Amino acid sequence: MSTDRHPYRNALRADRPDTVVHVGPARVAIGGDSVALIAGPCAVEDRDQLLGIARGLRSQGVQLLRGGAFKPRTSPHSFQGLGREGLEILAEARDLTGMGIVTEVLSPEEVPLVAAYADVLQVGTRNMANYRLLQAVGATDMPVLLKRGMASTIEELLCAAEYILAAGNPNVILCERGVRSFEPLVRSAFDLNVIPLLRHLTHLPVIVDPSHAAGRSDLVHGVSLGAVAAGAHGLIVEVHDDPAAALVDGAQSLDLEQAAALADGVDAVARATGRKLGRTRSTVAA
Amino acid sequence: MSTDRHPYRNALRADRPDTVVHVGPARVAIGGDSVALIAGPCAVEDRDQLLGIARGLRSQGVQLLRGGAFKPRTSPHSFQGLGREGLEILAEARDLTGMGIVTEVLSPEEVPLVAAYADVLQVGTRNMANYRLLQAVGATDMPVLLKRGMASTIEELLCAAEYILAAGNPNVILCERGVRSFEPLVRSAFDLNVIPLLRHLTHLPVIVDPSHAAGRSDLVHGVSLGAVAAGAHGLIVEVHDDPAAALVDGAQSLDLEQAAALADGVDAVARATGRKLGRTRSTVAA
Amino acid sequence: MSTDRHPYRNALRADRPDTVVHVGPARVAIGGDSVALIAGPCAVEDRDQLLGIARGLRSQGVQLLRGGAFKPRTSPHSFQGLGREGLEILAEARDLTGMGIVTEVLSPEEVPLVAAYADVLQVGTRNMANYRLLQAVGATDMPVLLKRGMASTIEELLCAAEYILAAGNPNVILCERGVRSFEPLVRSAFDLNVIPLLRHLTHLPVIVDPSHAAGRSDLVHGVSLGAVAAGAHGLIVEVHDDPAAALVDGAQSLDLEQAAALADGVDAVARATGRKLGRTRSTVAA
Amino acid sequence: MSTDRHPYRNALRADRPDTVVHVGPARVAIGGDSVALIAGPCAVEDRDQLLGIARGLRSQGVQLLRGGAFKPRTSPHSFQGLGREGLEILAEARDLTGMGIVTEVLSPEEVPLVAAYADVLQVGTRNMANYRLLQAVGATDMPVLLKRGMASTIEELLCAAEYILAAGNPNVILCERGVRSFEPLVRSAFDLNVIPLLRHLTHLPVIVDPSHAAGRSDLVHGVSLGAVAAGAHGLIVEVHDDPAAALVDGAQSLDLEQAAALADGVDAVARATGRKLGRTRSTVAA
């Protein structure tokens, strides 16, 4: 009674064209020939912080905003996020800037709440094999950003996507964020092989989180350019207006100036491989 | 706003004595100076299979029965367990044999259902950092068997336990089941250092799952003896009456004869380190 | 009596400019703003094979030729290379094409022999911490290509380079070739973080071996472009005129057509990051 | 021209009985049903230190003495051992105590020198795949203690042994010392599966180095007992008369009192598995 057919038959490339997932008010494309940039702070800390970062990114042409309201933290005694209040702040940022909102959901029961505010439901690395959560986001029709588990194999990642696809939701975006490593100087090992490998194995879009992969802001630029050159469909990057004061993950956050330089560098590499970075060129009124 | 005190302050050894968790109708002790053996099939497959294995183990003196009713499987297209029917079969085995029942729970919503049948709620390796599930089992007063994540650090394991403890449930049993490895000949790497390390760091009982650690039945005997000699408080071992026909994990299951030899070997090693294996010597009427 | 100063003080970036190592008859630059391509078969198999591949690569503008004469093989019962005869064939290829020759040396005693034929002495991944060999190549003034050990840390790699530098030879080229991984679909994990990290930590040139990193030819193109975009100073790539018939490592070798496409792709990415691929444009007489 | 027969055909268990290697003046058995203990400092630091430790261990019945004269150190700027002077001190310890001497050799040229003083030639973890060194120790008839590489697979370890066996030396002792791990609290991961696995795959004796596996002296006792219970033929343990003052690896060294307790614990576990620790009961005159 083991699997009688392919274990991730819906995610399998076969001869299918690339899936393109459209996100947010502006229907930003993730997948295919576009390169997408999602940026923002690790955690929503307060209204001023989030709106300031959102405006700054929006003025650079960034179209998609990340920010955590429910934060899965290793210790129960660490800051756990603002919860519903964080979601409301994110929704206000969307209203102000037109950016699409990417935020994490932690359990099946919280899917309706988060879905009411977000444009993309993020399933974090700790929950990649939380199959009840995958089934719950699979029962919606919303875009899902599925992060690879901290030491999952590629087959396990694709099978996790399969749980969502098999539940009826085709809008899955895979996200590589590095795996456990023995190297003390970085947070994770980001095996670049994974990008062309996933491009061969599946039709789903594949983006990279260089902030968690590296765990240090000084590596994010190089890693981002490399990921895109290798074929990634986009990046999700931590950006903070004041990384040194961030409540979570400050050491791996870019500041707004570094974010602007990153977007330019990524666009140049995307063009060298026949694509370009999706950006909104008009400045934002807000 | 990061952790202002120790991230797993409730799990910390400090100068606390060993926690002893009492399990099932016979209040079997896990922790302290006893060595406990939990055995049974990976999945409950049908009534005859489960009751046969339970009777066989019970006649050997085994006091605790494992068996999965809700199975977290890598692919959604694999056998997912019998669900509620599996729980009912497990409860029948308890009624027949007096054994305590250990079975897995996959989501917060399912905690009340599983808790109504089980003596120990198992949180599997995939869900070690599913914090909503940890909070849900922490809101009960039942024993929880918490498996280490496939590539979690020891601090992450102890912080996961801390979620349960901080929610008010002191009955946590840690379970090492190996981590991801590059070695193709085994399923996981079971770092033996972890056993004395956990014994130093925490007062919680620490058991080992040699079946998942090795992934091959021919290594289970040696690994089990080593784990107990190094200080483990017990074992959770996959045993099947016909491993070759098992629906899940047959290659790593012992048969009943091997299980009996294992119990004898473990008892000898336990005695060499000043302890003994908990066994019921009376034969079972059933 | 532990290290009283920095453990790799000669390799340390400090405020030193990039080291540029000049290789072979044409003094090809490795390091600084150029991007270098080294290509050729895993092993020298016979004269016709090697000269055919060398001519093919040379006609594409490739300036540096790799090929193994002494092959360190996992089993003593596998093909161990042609030895001195292989070196003579490599030298003939240099005479014919003007390409610089990169080949491996396995022990201190063999350094004079290999140095008499090669332009670059390669220290392979198995010998990264063979300190007597490092001291022996350090006692020459020849360029040394030092591959990272299969699971060495970055500090260990830089300390291995330090053995060569401290022995008086400044011409060290670091080569990342991936580390051990639990992922069965690839040969190694090539942690892209390592490229910008090494660029920050050391002034030595850093190249990448995508063939061993991936272990599959279908990933080599993407991984190569990513490595260069992330800041690598070049690549060492396995190319064979008939990969399916190669004695060693055929599955990860490009054919000559794929090699030509790779050079074009790498050059485009190099230009997008303000550099360019070093190539000889004149066609070769041979 | 790949391997036409089994890649480690001489090391293969097949239906061969256990190889027993006899070591030193007393012909101490390693392999088969005996459990051997090798103990001593990481490095020979001076005559008084080494002779003091040797006498202390000898008075406890320990039969085999370890100590490094040529130390392979990560940085060239660290203490590299006393060299020939260290070998002379080791030989003096043998004359005084009758203990067999285990010490490392780093290159083919140094094999005759080290062989003139030692009873066992140790090939360290960094040189497991230094095939020229393996061939050189294979050309002697001395016992060779071959340590597993820091991230070698089991097949690679057995193939390394095969290099020695194929060169004509049958006296190979395998030594597991742990592999690279992501866990920051220990030095290496010692996968206990490896012990029964090697016992199945090969007829060669298998010992364990718990000091390097753990990297912390507080774990050595538990890990040692576990290794022996799982089937190891012995241990090589770092013992220092004053660990806090050791030049190398003090944090993982036992003191003499802990060493005595270890021997007793190991003997009890060995007896629980039908064997016993090899010890000399007579007190030493020296």
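Here the chain labels run A, B, C and D in written order, and each chain numbers its own residues starting at 1.
The rule we apply is simple: a contact is a pair of C-beta atoms (placed from the backbone, for glycine too) under 8 Å apart; a residue touches a chain by one contact, two chains touch by 3 or more.
What you are looking at is a predicted structure, and each value in this text was computed from that prediction instead of being measured.
Novice: Once you count every C-beta pair in contact for both, which comes out on top, B-C or A-C?
Specialist: Answer by contact count: A-C.
Novice: Based on the averaged CA atom positions, which chain is farthest from chain B?
Specialist: Farthest by centroid: C.
Novice: Approximately how many whole Å separate the CA-defined centres of chain B and chain C?
Specialist: 49
Novice: From the mean C-alpha coordinate of chain A to that of chain C, what's the distance rounded to whole Å?
Specialist: 35
Novice: Find every residue in chain A that makes contact with two or more other chains and list them.
Specialist: 151, 155, 179-182, 184
Novice: Quick check on the complex: what are the chain B residues that touch chain C?
Specialist: It is residues 180-182, 184 of chain B that touch chain C.
Novice: Report the residues of chain B in contact with chain A in the complex, numbered from low to high.
Specialist: So the residues of chain B touching chain A come out as 1-5, 7-9, 72-79, 106-110, 126-127, 129-133, 149-152, 155-156, 159, 162-163, 166-167, 179-180, 247.
Novice: What residues on chain D touch chain B, complex-wise?
Specialist: Going through chain D, the ones touching chain B are 151, 153-155, 178-179, 181-186, 188-197, 199-200, 213-214, 218-219, 221-223, 225-231, 265, 268-269, 271-273.
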